[in-house]
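What follows are several structures.
Look at the two complexes coming up: subunit A is in both, with subunit B in one and subunit C in the other.
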Partner chain A sequence: MFSLLRSMWLVFLHTFHKRETYQYPEEKAPLPARWRGRIALTRDPDGGERCVGCYLCAAACPVDCISLQATEAPDGRRYPSFFRINFSRCIFCGFCEEACPTYAIQLLPDFEMAEYDRQNLVYEKEDLLINSEGKYPGYNYYRVAGMAIAGKDKGEAQHEEPPVDVRSLLP
Partner chain B sequence: MTIYIDNKPYEVKPGKNLLEACLELGLNLPYFCWHPALGSVGACRQCAVKVFKDEDDKTGRLVMGCMEPVRDNLRLSIEDPGAKTFREQVIGWLMTNHPHDCAVCDEGGSCHLQDMTVMTGHTYRNYRFSKRTFENQDLGPFISHEMNRCIQCYRCVRFYKDHAGGKDLNVFAAHNHVYFGRCESGTLESEFSGNLAEVCPTGVFTDKTLHSHYTRKWDMTWAPSVCQGCSLGCNTSAGERYGSLRQITNRYNGEVNGYFLCDRGRYGYEFVNSDQRILQAAMRPHSNGTTNKDHILDLVAQKVKNGRTIGIGSPRASLESNYALKLLVGEDNFYLGMSDTDHDHTSIALKILRDGPVRTPSMQEAAQADAVFILGEDLTNTAPMLALAVRQAAQRKPEADALGQIHVAAWQDAAVREAVQDKHGPFYIFHTVPTKLDELAEDIRRGAPEQLARLGFAVAQMLGADIVPVTGLSQEDAALAEKIAAALMAAEHPLIVSGYGSGCDHMMKAAANIAWALQQKGRNPLLSITLPEVNSMGLEIIGGHRLDTALDVLRQGDADTVIVLENDLYRRADPHIIDEIFLHAQDVILIDHLYNRTAEKATVLLPAGTFAEADGTVVNNEGRAQRFYQVFVPKGDIQESWRWCLQIAEKAQIPALQGLRNLDDIDLALTNGMPSLAALQQLAPHAGFRINGQRIPREPHRYSGRTAILANENVSEPKPAEDVDTPLSFTMEGYRGEPPSPLIPFFWSPGWNSVQSVNKYQQEIGGHLHGGDPGIRLLEPHLNGGPHYFHEAPDTFVPIPGHVHIMPLYHIYGSEELSMYTSGIAQQAGEFCCLYLNPEDLAQWNITPGNWVTIDLDHHACRLVATPNHWMPRGLGAVSAGMPHSPVVDLPVCVKLQA
Partner chain C sequence: MEAHYWWVIGGVLFTLLNTAAGLIWLERRMLALWQDRYGPNRAGPFGILIVLADTLKLFFKEDWIPPFADKVVFVFAPAVVVASVLMAFAVVPFGPNIVVADMNIGLLFFLAMSSLGVYSIVLGGWASNNKYALLGAMRGASQMISYEVFMGLALMGTVVLSGTFNLGKIVEAQRGMWYIFPQLLGFLIFFIAGIAETHRLPFDIPEAESELVAGFHSEYSGMKFGMFFIGEYLGITLISSMIVTLYFGGWLGPAFLPGVIWFILKTFVFISVFILLRASMPRPRYDQLMEYGWKVLFPLSLLNLLGTAAIKLLIDK
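Up next, the complex of A and B:
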């Protein structure tokens, strides 16, 4: 009998506690930065598309909901000519982000993607590409990779010596 | 003999090295510089193992697995911690300068360096200093170059220079600056340059045509295929993504192409993706927009029913398609869709190989010959991979001599090459113009084809062939004939090669005479004959009337409808003849895949599947039937030609084809109708074949994007297509183990993502695939009864005043119809409108070199640019054969010249 009353009393006390329920959608939930929500394709510090079309995200995706086609721009940068994510299949596992060698694909703290029509959950590159470096500012894949692109020739990446002079016999 | 690996006894074959032995046993031992076709040089130090003196020896010593022969009771360890650390450190060193490139590297996902790095367990870079870099070169339309990725294994130059005889790729500079490339940017000259992409274990050399529509290996839908580039029928794997064909790679066949392909074969696939493809069934004039397939089939069936239809087959269509058409129109109304010269050549070749007593070798057997005699063939241009095989054959004798002296194993590549120097075995070439193999030849003879054939007959006569004696030989010629005869007699396995290349069938006859005479003398000769197209032999075996008689039938009004199978008739005879066919035929129904000149004039177009969209069988020059499989489900109305024929037959109620639905049905009809082809039933597993109740998947297990590829059209995925013709599935579901050899879509094995995984599929390294190599030989020598020699040598070539005799010149790039849709191949194709003539002839006819001359073809004039060529004997001319829009088609031909 006593424990019953005690429980009721404790529940009653909750009336005066701080509320845990958010009045969504009027009130937005604060999401941690590493929340795995809507996927975006980010950009380099120099504004170029980060994605180089390596297909690793697509291969890592357990539900196979990423499809893209890699291609190369005249300046030597590789990029996806199309990039499609079928969010009606995505389970927001974040494997794609983990697999991405360029930090291009990132899961963002945003889950507000509900649609009445499933077809609208198919996102193309226009829907995915954002004008931001996302969670990993400063990283620029082409400054690390050995491939030359316009504005960064052979030997100009980080930790690179100038190209060898093949005709020299000096040690 | 027995060896102990990590204390477990294993039985191995003697004569191998430890690396081969380990791989053969299915053990994983990393390596780079060793290549099964190139041997060992011990350059990379990656294959280190520990070898122990005896059971009590616990220290052991490190040796390079690829440099140490197996010995009885040898004890070695792969797992020894010392050996493991060593291998891990070696890869660490090799990677000190490796760029951070995998994401943008076309090798990624099928990279031997990635695989070996994972295998050794090297994960983190310990090297803290800056990386050496290199400038790249532009190596032409086929191969990309990214030198930073090199690990200095030397495989590229060993393949390109030592194996394939290339001159323009080399290693430059010294110490840690060694550079693999050309002395300056420029298109690689070798016809085998594409193999660099597979030979190089890293991403230095990669496939440039793949790059233009790049897809990872794991993302392609693959099927076992057969190259359509020439009559050799090299085995390929073809990969598709998003409805277009992305890449052709080598599919190892221990009897046919081994580890390599030529560039025509590797890159000549782009016609499949051409915007010239016929996608829908169509009718001309458009019947009020009713291009409904069924409606068109009805009309075609009506035509066929009234019995006035003839069919024209094709050497580039499968056995099944040709046979289906033959039954559709009736045996008597089937015409061979080859030029009359091609038909003559192929029928002689078939007669020689079927009725003669000498065996025709597979390409790998040809590479083992110890003397070679080529009559009237420029193999590099007509049968490229055979040229590569013959190149190896030229080394056999000096190699054997050297091995007798220095007592090392044959796989000790560097030692053997050092001992051989630049010696070659007995090798003779008779051809009118220089060929790339000339550099290997001991003696070369030039002249008019008839002249050379006469000399060939003389050789046969000296070997004792029972033929009409060849008279009037110069002393020099007689001496040469004698020398060749003696050299061939002295050889263990002399290889005689001839074919269609010179346009003179006497060459083939001379070759057959020589081979037969050698056989009579108790030698073991091999006789290889090249043919014009991928299924020339198959079509000839099926048989039909000559193409020129088709015109007669139409002219006389005995037929009014023509069904043309996968054929551009304008490549089969001179234009005025084909124009006349169109003139007399009321309807021309074309079943083909490209909108060519014949399609422009046809009244009905039925879109056919290319090799990538169809299943079928082709027969190569050796008489080997090989199956190619559909890679992907095509767009529009495209389907196999034989399926079109079956559907027409169904509506036209042709009894012979009633009730046939799939590949197995038509193959059964084929083998029932032609008992000589009965062996085809054993060619490959039938459609109902399953392993553990499962099909064999065309897609790798990492295939991505299933739920996104078509999501832009409809978010609900469609049901995957089902294959009614074969045991392969169009999806990634199915049996994951090793499939039977004819059904291997791509080579892959856990931890081995690159083509090097083929080791896991072989009975013996460099030997046959498990269960035997795919393909079935249909022609075996006829051993009973002596040879029926070709008795008469041709007459001496005498120029006819006012005329030139024009012979064909074939080019690897340009002479083949379909490969010319690849821009890189078209770029390298030669001039199509040149008439090569002896400069003295030009002077005599008062023709200024470079001017247009008119020639008279059956009272039809056409114009060509007169080009001086010193190799042409007086009175003989040459034009490049098979070039698109070449005005002269059926070669050789004798024409009047008007300056």
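Up next, the complex of A and C:
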């Protein structure tokens, strides 16, 4: 009996406690920096697309919400001709971000994506591309990779030795 | 006189139905307050228009009668709870001269009407033809019967002290001292029985949503469910106003406020206690509830009646 009265009193004391609610639309909850929210395609420091259309994100995606088509520019750079994420399917698991070898696809701390029309949740490449380097500033895939593109031949990448002429090594 | 009478009836009905609706909002705000939340605070000032939204929602819900139910009784049951509680309010004196029926057996009438409320639970649970509803109805019936007994006995203490069953006269008899002081035990017993009578938490055993889906009203939807809901809130108001009338001096209070205001203020204090109970209490097991009723409260209420009568006799001599 005493414990019942005590619990009633303790609950009553909550009248004077601070309320924990975030008044959401006016007052936003702080999101952690690694929050897995809206997916974006980032750019390298020169403003070029980082995505090279390797399909690893589409392969890693457990709900198959990513679809893209790789193509190649005349200068030798690969890029996706379309890149489509269906956010009505996406579960924000972040596997695509882990799979991406060029840091192109990244999940941002943003969840306010509600739409009245389901079709509006299908994001095209121009919706996904952002004007930012995301979580990896200064990273440029073509400058560290050994692949030859226009204006950068083999062996000119950072920390890369010039290619060895295998025939000159013959005895 | 005739005009005054109609004003009283209309006013009481209007106030009660609006109070019952407003309690939905009040309860949600109070529970939220005690759980460090805000509760409904968007629609209108302090979210009070949530009442409107809730009511509209109830009206637009599908009013479904299950094909396996006993249709006549199924429709009839929700009306009983509201009707019986509203009838009981007829004898409650809201202020000097503000009472619908100034009966000389007002207290007995209240007991009779509040007992009739059990019919809605039993009939509703039986007519639903659903095992959970029937279990809830059975629990409701036995709980009501066992708590009804000493609810009446606890009230007899005030009757012995005041010498009348007329609620208005009982209030008048408390001018010297509120009956809470000589009848503290009676008040506690009546309060506990009242919680059981309105089947509110912690004694919401007929409903017991964590074990019985929703108990006796599992099969109800739309406005029929709404009637049970309103009946429950009216029941809280009824028990609170009876507590105020019998133990806290009814409309009596310092003269700077009119009697009705004192009555309403005191009633709302007890309504808040009901909500506080819901916020803080766990539900007892069914057998614990019956044991507590028959083995503790029933003998206590008899002792209380005996002691009160003896002291009254001694003083009168």
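By definition in this document, the second predicted complex is superposed on the first by the 142 of 171 C-alpha atoms of A that agree within 3 Å, B and C clash if a C-alpha of one lies under 4 Å from a C-alpha of the other, contacts with A are read in each partner's own complex, and residues count from 1 in each chain.
We adopt the following convention: contacts are C-beta pairs under 8 Å (C-beta built on N, C-alpha and C of every residue); 3 or more make two chains touch, one makes a residue touch a chain.
From a predicted model like this one, the values you see are computed outputs, not experimental measurements.
**Student:** Thinking of the overlay built on chain A, is A:89 touched by subunit B (first), by subunit C (second), by both, or by neither?
**Tutor:** first
**Student:** Report for A:131: first if it touches subunit B alone, second if subunit C alone, otherwise both or neither.
**Tutor:** neither
**Student:** After superposition on the shared chain, which partner residues are touched by A:159: those of subunit B (first), subunit C (second), both, or neither?
**Tutor:** first
**Student:** Quick one: classify A:8 as touching subunit B (first), subunit C (second), both or neither.
**Tutor:** So A:8 only meets subunit C here.
**Student:** First (subunit B), second (subunit C), both or neither: which does A:61 touch?
**Tutor:** Only subunit B; A:61 stays clear of subunit C.
**Student:** Just subunit B (first), just subunit C (second), both, or neither: which does A:23 touch?
**Tutor:** second
**Student:** Which touches a greater number of subunit A residues, subunit B or subunit C?
**Tutor:** B
**Student:** Pick one for A:101: touches subunit B only (first), subunit C only (second), both, or neither.
**Tutor:** Touch status of A:101: first partner only.
**Student:** Mind sorting out which residues of subunit A both subunit B and subunit C touch, each in its own complex?
**Tutor:** Common to the two interfaces on subunit A: nothing.
**Student:** For subunit B, which residues count as touching subunit A in their complex?
**Tutor:** Residues in contact with subunit A: 99-104, 108-109, 129-136, 146, 148-149, 172-175, 177, 179, 211, 213-216, 218-219, 242, 702-709, 711-712, 714-716.
**Student:** Where on subunit A does subunit C make contact in their complex?
**Tutor:** Touching subunit C from subunit A are residues 4, 7-8, 10-12, 14-15, 17-21, 23.
**Student:** Which subunit A residues qualify as touching subunit B in the complex?
**Tutor:** Residue list for subunit A touching subunit B: 52-56, 58-59, 61, 63-72, 78, 84-86, 88-89, 101-102, 118-119, 121-122, 124, 141, 144-148, 154-155, 157, 159-164, 166-169, 171.
**Student:** Quick check: in the complex, which residue numbers of subunit C touch subunit A?
**Tutor:** Per the stated touch rule, the residues are 33-38, 276-277, 279-281.
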